[in-house]
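So that you can tell them apart, the chains are marked A, B, C and D in the order they are listed, and the count of residues begins at 1 in each.
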Amino acid sequence: MKLCNFEAGLNQPFFLIAGPCVIESEQMSLDTAGTLKEITSALGIPFIFKSSFDKANRSSMNSFRGLGLETGLQILEKVKQQIGVPVLTDVHEDTPLAEVAAVVDVMQTPAFLCRQTNFIQSVASHGIPVNIKKGQFMAPWDMDNVVSKAKATGNQQIMVCERGVSFGYNNLVSDMRSLAVMRETGCPVVFDATHSVQLPGGQGNCSGGQREHVPVLARAAMAVGIAGLFMETHPKPEEALSDGPNSWPLHRIKELLEMLISIDKAVKSAPFIETTL
Amino acid sequence: MKLCNFEAGLNQPFFLIAGPCVIESEQMSLDTAGTLKEITSALGIPFIFKSSFDKANRSSMNSFRGLGLETGLQILEKVKQQIGVPVLTDVHEDTPLAEVAAVVDVMQTPAFLCRQTNFIQSVASHGIPVNIKKGQFMAPWDMDNVVSKAKATGNQQIMVCERGVSFGYNNLVSDMRSLAVMRETGCPVVFDATHSVQLPGGQGNCSGGQREHVPVLARAAMAVGIAGLFMETHPKPEEALSDGPNSWPLHRIKELLEMLISIDKAVKSAPFIETTL
Amino acid sequence: MKLCNFEAGLNQPFFLIAGPCVIESEQMSLDTAGTLKEITSALGIPFIFKSSFDKANRSSMNSFRGLGLETGLQILEKVKQQIGVPVLTDVHEDTPLAEVAAVVDVMQTPAFLCRQTNFIQSVASHGIPVNIKKGQFMAPWDMDNVVSKAKATGNQQIMVCERGVSFGYNNLVSDMRSLAVMRETGCPVVFDATHSVQLPGGQGNCSGGQREHVPVLARAAMAVGIAGLFMETHPKPEEALSDGPNSWPLHRIKELLEMLISIDKAVKSAPFIETTL
Amino acid sequence: MKLCNFEAGLNQPFFLIAGPCVIESEQMSLDTAGTLKEITSALGIPFIFKSSFDKANRSSMNSFRGLGLETGLQILEKVKQQIGVPVLTDVHEDTPLAEVAAVVDVMQTPAFLCRQTNFIQSVASHGIPVNIKKGQFMAPWDMDNVVSKAKATGNQQIMVCERGVSFGYNNLVSDMRSLAVMRETGCPVVFDATHSVQLPGGQGNCSGGQREHVPVLARAAMAVGIAGLFMETHPKPEEALSDGPNSWPLHRIKELLEMLISIDKAVKSAPFIETTL
């Protein structure tokens, strides 16, 4: 599948969707996007910048939600123009989708909303690529129905994304089988390595996270065989205004990506044996 | 808490929210509401009629979604006037809330949407009672934050509702501890005995259900101590246009309610011992 | 089914298996058994005294395991003679079963061992009643195979016991559906209300517990309809040498049992509606 | 750690424990061991032959359990002598451990028995290496207590093995985080790629399995970073007398191992980044 300015798929090196969870300021967005572009260009990784203008489903209503739609889109536009990278943002049921679709290259739908038929179809109907996060409450084979809803709009540029499944209370588990199962949808499969280590609601008024497991799960997913990797990163995760505990530190991302490239190459050097049984 | 025309709470007999999952026709809605009113009046159970005008999150886009907002509200209005019972319906992120709030007595928010801050607050801000279903992906103690969001609008008539929590794939489990935990929110706790027996996505293109466990879980919840019971019922569940496998047959509801009344009476005859340790 | 000196079954009032988790001393065992006998006699509840001589599967090897087989059996014998109540103890794969079976009235197999074919059959082959705890890793329908193994020895006095199922890490959930499902084995179903509130391994070197949920789950199980209730109790739970956090205080047991009797009576006053669908 | 005739650890290439689930016949054992030796020698993978003389915890009592202790040990002895490979077998609570330890190079303890203190310590006290499978009901951090029990016998040659954790009914999930967590025990961590794809009890009278996920999970675990891989293999899985559905076909193992080697090399070429945060 053609995605932004590159080809996405299992016969291609993985692409990266990365950036700070929420847009904190213009300067920080530009700086982070710039650093990420430099690193990924050097490594030959197709890159899409990700950041949110509004965190619509924070645990507590008192948490920082973002700079809002207008400012957010202006900053994403600037990132796109000045840094020269495609941009992705997540949208919600009350987002004016046309305004967002006019700016970004990819729209992303939140895991909690993955069963909302109207919403999925409204987003898909704008004709730009959509990254659909699998609900924490869903089996991987249930994504078939979600993809059918999206593709019924005529948009064939649909990606599916694993971000962990409910495992008891305040915990998620990443079932690596789900990446293989979701390949059956025919859509590029993306693994979200940072939300997968969230501990939802685990700190009372906000979600906790286990940053140390980001590289563990990213390596595992890469070895299963995926089209793309999603990862939130921050120059100073301990000061992040959202999802700090599970963000990956920007200054350690090059090192991590280098390792992931070598796994990706190894895995994609032959057909997946499970598809030839 | 005052709810419609009665008092709701642990020092009151349980109230019942019941009706067909989706509004299938005017006649069927009037008939079912009439039958339910007759039964509940005779048994002294405060009753709210429930039916949906749109099933916005069906597994498959090809399933029946309902008669739509306009027709749906007309029918609910008629049920209210002709049968003389309060009515409840569930709303979604793209529902014109003011139109709905002008007709119904209680609005209900879907489990999947329970973390959407704007949505919860928009619904609550209409000032009529709201029944908030707990997400299948949430711990019961995490409902505190949801209730805070809702009550921050000034609306104090908030109920919380358990409908099962994700337990592996395509299955839910009803954790009876959650009913006791959610009492701590100070809100009336409702148990949804029919969605709790759903097997989400369990039939490929739609959700399965285990009707035989409806009375099992309803009795258990009643014995824990709840303010209200939610139950979808249908004159002919095998012909229901939505959620048939987990609907309770209308002609068996009197029998079930009689049993539940006797448990409710027993349990509420003394303080809950767990609150006096 | 005839059990000790009474009839057990869904057409009978529930029986109680209760006592301190582990035998701490002769005096304490006699005192507790005496108190329990007095309470249950007054309430008309058939009673079996439970206590362990060895806790073979403590989280940590440094925890108290008990007074050992010889002393343990002597004390159980004394309880039986002096207090005049039937006694139950749990056995393990290296327990000399004949010695135990010569003293106790009922043997109980631990949840962790419920898939060990030789063990289940060895225990059952002694011909006295056996209470088989369902593994935390098992579906309720999988108990059919376990019961078949036990009954193949010729022993028909087999009970099955729910004590919670793994739900994420360090947590259990009590699926009330399982009580109804296990009734299909034809064996009396017992609910273990105190181990069900354990948090396995939840305190690092030992298991935690949520005592406040004991009455919550006990009431729920009673309302589903069970043959017997299992409950560990201690005169001073905070000083218990094993499983203190989930033990029920002895001085509050009468109150709890009274409530459970009224639920049991209500529920067993008519056929379970789920069996007549 | 020194294991059989090689070094095991994260600074070494992975070792392989493989063989048919149960010893079906002498010839089949010799043939399979021979083939595996040839393949692993050529690939430079340290190899331990695995097979069971008795399946003590089959779902149903009517399933094939094996040729028994005496015959089983004779065959393992022959494999050791004739083929010249170290051998491993699993032991149970009623196994005469000294007899087994006199023949095999490594003993393995079943997941269900991982909390049985006496058993773990009896096995460990024989002084040969032990592979302890983590219970399906345990958190990875809870293996610390199990390892302490084993090492308290003086035996330091202890390995810990992940084989999936309970995830709803009749399903397991492999939490890749657990491999990283268990590295903290200081013991070589082994991933069991074939039992992890079991569907316990999933076929009524026996466990089902998803063979197609064996390579998926094996690759993922290898990318996390493990000391060893465990895999049951069979010349004709569809005719296997035990665990056929999750066995890996012998004639496809070379191909799979080649892929795993390339991942293992990539991952172990640098320190695990998660240990340097």
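Basically, a contact is a pair of C-beta atoms (placed from the backbone, for glycine too) under 8 Å apart; a residue touches a chain by one contact, two chains touch by 3 or more.
Going by UniProt, the chains are A, B, C, D = 2-dehydro-3-deoxyphosphooctonate aldolase.
Predicted model, so just to flag it, every value in this text is computed and none were measured.
What is the chain whose Cα centroid lies farthest from the Cα centroid of chain A?
Centroid comparison gives C as the farthest chain from chain A.
Using the average of all C-alpha atoms in each chain as its centre, how far is it in Å between chain B and chain D?
Here chain B and chain D have centroids separated by 48 Å.
Provide the C-alpha centroid distance between chain A and chain B, rounded to the nearest whole angstrom.
Using C-alpha averages as centres, the distance is 34 Å.
Residues of chain B touching 2+ other chains?
In chain B, the residues touching two or more other chains are 167, 169.
Going by the touch rule set out above, what shape does the chain contact graph take here: line, ring, star, complete or other?
Topology of the interface graph: complete, with all chain pairs in contact.
Which part of chain A faces chain C closely enough to touch in the complex?
Residue positions touching the partner: 167-169, 171.
For the complex, give me every residue of chain C touching chain D.
Its residues touching chain D are 56-61, 65, 92-94, 112-113, 115-119, 121, 135-139, 141-142, 145, 148-149, 152, 165-166, 169-170, 200-201, 205.
Along chain A, where are the residues that touch chain D in the complex?
Within the complex, chain A touches chain D at residues 167, 173-177, 179-180, 197, 210-217, 219-225, 249, 252, 255-256, 259, 262-263, 266-267, 269-270, 272-274, 277.
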